[in-house]
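Both of the next two complexes hold subunit A, though its partner changes from subunit B to subunit C.
Showing the complex of A and B:
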């Protein structure tokens, strides 16, 4: 005969076993899940760095970098009329002590211009021990989060040691971790006790459900007679007492905190950085994505108006970097930093000052598939975008946004 | 003589059975109210109640009383019409607060690591006590709906000012003036809660300046009156005893 208890216990054990074996910690923030065109043609991040990847509670970390608002913005995505520089981390592992866009404080939301470049800096203070994958992030109103490159960061130490003190304009130094909590709990307990007393006053008047239900049905229109004068007196005392306490607490709080302000929010406009192209123009003549080879191939008409010969060193899009090691070298910062160190090559050599030349560029890497960029060819408009980095012999760097239609080559 | 006889033969036995019935049903009702009202609150007022930097003087004051009048109204109908018990609002609001505190402590603090002072729930017990007391004194759902719900909406902000006033003290931070609540919101990173969704003082109501709170509170009271009667109807529908013909 089937032993029900034993069967349930076995089923629970099997389920728990499956969960324990299968469940893996969240490793990232779903950046691959965003559509390829969104990652390639909205906000393009580059030069993103963190000052350290290992720190103690109360230590500070600085994240810096730049972002470019792509000129060929998809028409189905809201433009960055209102946006907020943020950080993608799982809960407040850090507190954000400061954030700057082109040196201006980023506490408020910002309006950005399409086709312009900005630099950012975020200062974070470690709050609790954790190993987290943190991203630069831009929230755009009605468009959602546009996520930047991520870095693994490890915080050690004890959260109990963390403090977050600030001095108010009224001269009081407070710790934001605990400020106002005792007062809030005190009021919740006070009103909770009154509520409990009120409920128990009725519940302990003997059995209240069946007898009262029967009596209500029996008395019909006279059921209000069940409420005694004593009950109503309690009601009057409760009503007046509640209003008195509320009124007193309101004016008492005003007396304790005579200077208060409403919640603040607002929007600022920040001028963009100077043009990062620095006299170089580049235009895509044709482009195709070779599916079997997992390669983007495009012809680039480049004009060099600088004083130095330039060579193509990097193509970046969707936070992935394809490097031409003969010109510029970079290695992945960690296990989840998508850098194709040998991913780019091109034909055409250096572009000399005053010259216009056609370069044939190939960007190859498995990242086209693993980061789901190859899905671009199934988009309704099948256009790609990105930044190309030219390097001069004098060490200068010119960054140009490129993009255009993308033709797939299936064979 | 009927072939089936009641096991209850004395008044004392009957009293004991009734008491046991109370002890079984009341905890179940309380748990159902906590769960259902909590889900309703999270889906309607949601962030306005979660975060200290969302407890503003305009939308929080308006949204919270309106969305929270639903369950008290429905329970008022159920408990008053069937039992002449005037504690529906307090039962609903106390239950909601139990659920909210459990949620904030377990999820927001111990799971997501937000500081507790950032996620303290709104205080709603005084409003519930007034609503119940007015029902008890007036013995009328109509008077409770009109008078009680205006009080319900109007006293929400004063009831909470003792808790949130410290968080409205100004701070100078990186060249910007913020309230302590704003600063907590800025410091403790929330990936999905950008600053711009807190831009709520827009439109002509902003011309009321500091007096926007009383206007919002009266509006909240007025709409609460309307929704009280809507939810009395819903409470009536849910309180039908279609299958219980006889006790």
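Showing the complex of A and C:
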């Protein structure tokens, strides 16, 4: 007879196995592998800089920048109720000495407001020699890491020279690289030996694993008879011994370190920066992505409520920048910095104070394809997002978030 | 029964990698290798298969668009020349497809995009293939002190034989389910030791 429950369970297991085996290897890595809508409509980073790209072990590096929580947040992504500013580096090449968001310490997790802008600063200290691509990133609870722009950084020197000294609240100077290490190793070995002895003891107490399970089934209600008086004695001795050791170690640690504070796990709320739009509004009227041309074309209704004529100089999304070189210029910081130096053009000219004007904007670059943003047009909700940068004749800069539905044009 | 199972298993776990000379279909991306540099290769036939993307071979005649997206930014500072010549034979599907032939390069091309720089990293080639046939594409990139050539044969108007790619996975899953159902129906039920003693 066919057992329906078993059949379903086996089918699910086999199908899951085949799906895993059939999955084509991912050709992208890091930020490119994240969905386009996630990169364009969650956290938008800009003005990200590193203080240096070459440093020695023990030297400090400062990463600064700004991020904007996109107003049209995707429904399926958790909002930043609990988030933590971090740096993404493959391996412990640096230690973080401090981080700040709008000047407030970023030690704790933070709640952020959608539609607001914040600035950050992270101070890192080089720990070991490596050449790494480091990213600013924001860990958002239930949403995962939202990755910022990356920079290639090279650390030289000897890790043996690394020190990470701090002064505690009691005035003692300690090196966090080695502090407590011997004690941790000692206790790991101690409990490892106890655990191994416990396992070994039971290996020699009759059948184990499946044979023991079968014997338990056979004995039924008398299965407890398998545990002898000697077994029970060993168990009681180990239980009491464990409690004694734990209690002793607690009081010993308390005597050695009488002044302690708990690990800080609070959550703070940091006020946002003033509106970066500075009196400029912009609204997408229509937008299409020209597939063979690798171009995003959109109409932008812009109102200028500032005192200076403004012109469009940049569009940024998913850490890629499309520059209008007639207004604003930028070159890639390194070989993996996606800056389309000539990627943006527009029709409509300057928008004068008090004027509302329709601009026809085109953002062209291979990055739409090579950074997998063009995949957006195959989403069930093909909406794009990003920031546009307007520059006034007085040198001012207004940053406005834009977004809307995107229609593909295949011809 | 087990042989069929293993055949299906091996078919499913085989990675979809194949190529014609310089153009390689790696997983879900079509790439063109020119020396040490890599471009994304995308073919479109807007009048016949509007939203479908092809890797070198064009299944039908008609207006075709080939787009090369430079993955390596250094290509943006180099000139790129694209030329296509007619061929009597289809791609062999071997390493020979990628061997540069000076006689072919000396021929008058069927069509050509002269060498120039593409600062946006995208080269778009539009061509109306009026009749089906076999062709050889050449991409020549040239910088200050370096020059690389890539050769890739392709066909126009010859649809790929065999089961359409979109149907392969559903057919495989269907076959697996049938095999498992038959296997479960034929095997003997498990009897626990305890029950035996009863």
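Just so we're on the same page, the second predicted complex is superposed on the first by the 316 of 411 C-alpha atoms of A that agree within 3 Å, B and C clash if a C-alpha of one lies under 4 Å from a C-alpha of the other, contacts with A are read in each partner's own complex, and residues count from 1 in each chain.
Heads up, the rule we're going with is that a residue touches a chain if its C-beta (ideal position, glycine included) is under 8 Å from a C-beta of that chain, and two chains touch if they have at least 3 such contacts.
Just so we're clear, the structure is a prediction, and the values are computed from it rather than from any experiment.
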A:358 in the overlay: touching subunit B, subunit C, both, or neither? Say first, second, both or neither. neither
Just checking: does A:214 make contact with subunit B only, subunit C only, both, or neither of them? Give me first, second, both or neither. both
Looking at A:367, would you say it contacts subunit B, subunit C, both, or neither? Reply first, second, both or neither. second
In the superposed arrangement, does A:15 touch subunit B (first), subunit C (second), both or neither? second
By the touch definition at the top of the document, which applies to A:407: first (subunit B), second (subunit C), both, or neither? neither
Name the chain, either subunit B or subunit C, that contacts more residues of subunit A. B
Would you check which partner chain A:114 touches, where first means subunit B only, second means subunit C only, and both and neither mean what they say? neither
Contacts for A:141 in the overlay, against subunit B (first) and subunit C (second): which applies, first, second, both or neither? first
Give one of first, second, both or neither to describe whether A:266 is in contact with subunit B, with subunit C, with both, or with none. first
Which partner does A:332 reach: the first (subunit B), the second (subunit C), both, or neither? second
Dual-contact residues of subunit A (subunit B, subunit C) 214
Touching residues (chain side subunit B, partner subunit A) in the complex: 15, 18-19, 21-22, 25-26, 53, 55-57, 81-87, 90-91, 93-94, 97, 101, 112-117, 120-121, 123, 125-126, 128-130, 132-134, 136-137, 139, 151, 155, 158-159, 161-163, 165-184, 186-192, 194-201, 210, 247
Complex interface listing, subunit C residues touching subunit A: 9, 12-13, 15-16, 26-29, 40, 42, 44, 46, 50-51, 65, 67, 69-71, 73, 119-122, 124, 126, 169, 172-173, 176-177, 180-181, 184-185, 189, 192-194, 197
Going by the contact rule at the top, pick out the subunit A residues touching subunit B in the complex. 29, 82-84, 86-89, 91-98, 105, 107-109, 124, 127-128, 137, 139, 141, 145, 159, 164, 166-170, 172, 174, 176-181, 183-185, 187-188, 191-192, 194-196, 198-199, 202-203, 206-216, 223-224, 226-227, 231-232, 234-236, 238-239, 242-243, 245-247, 249-250, 252-254, 256-257, 259-267
With touch defined as at the start, can you tell me which subunit A residues reach subunit C in the complex? 1-3, 6-7, 10-11, 14-15, 18, 21-22, 24-27, 214, 217-218, 220, 291-294, 332, 335, 340-343, 364-367, 369-370, 408, 410-411
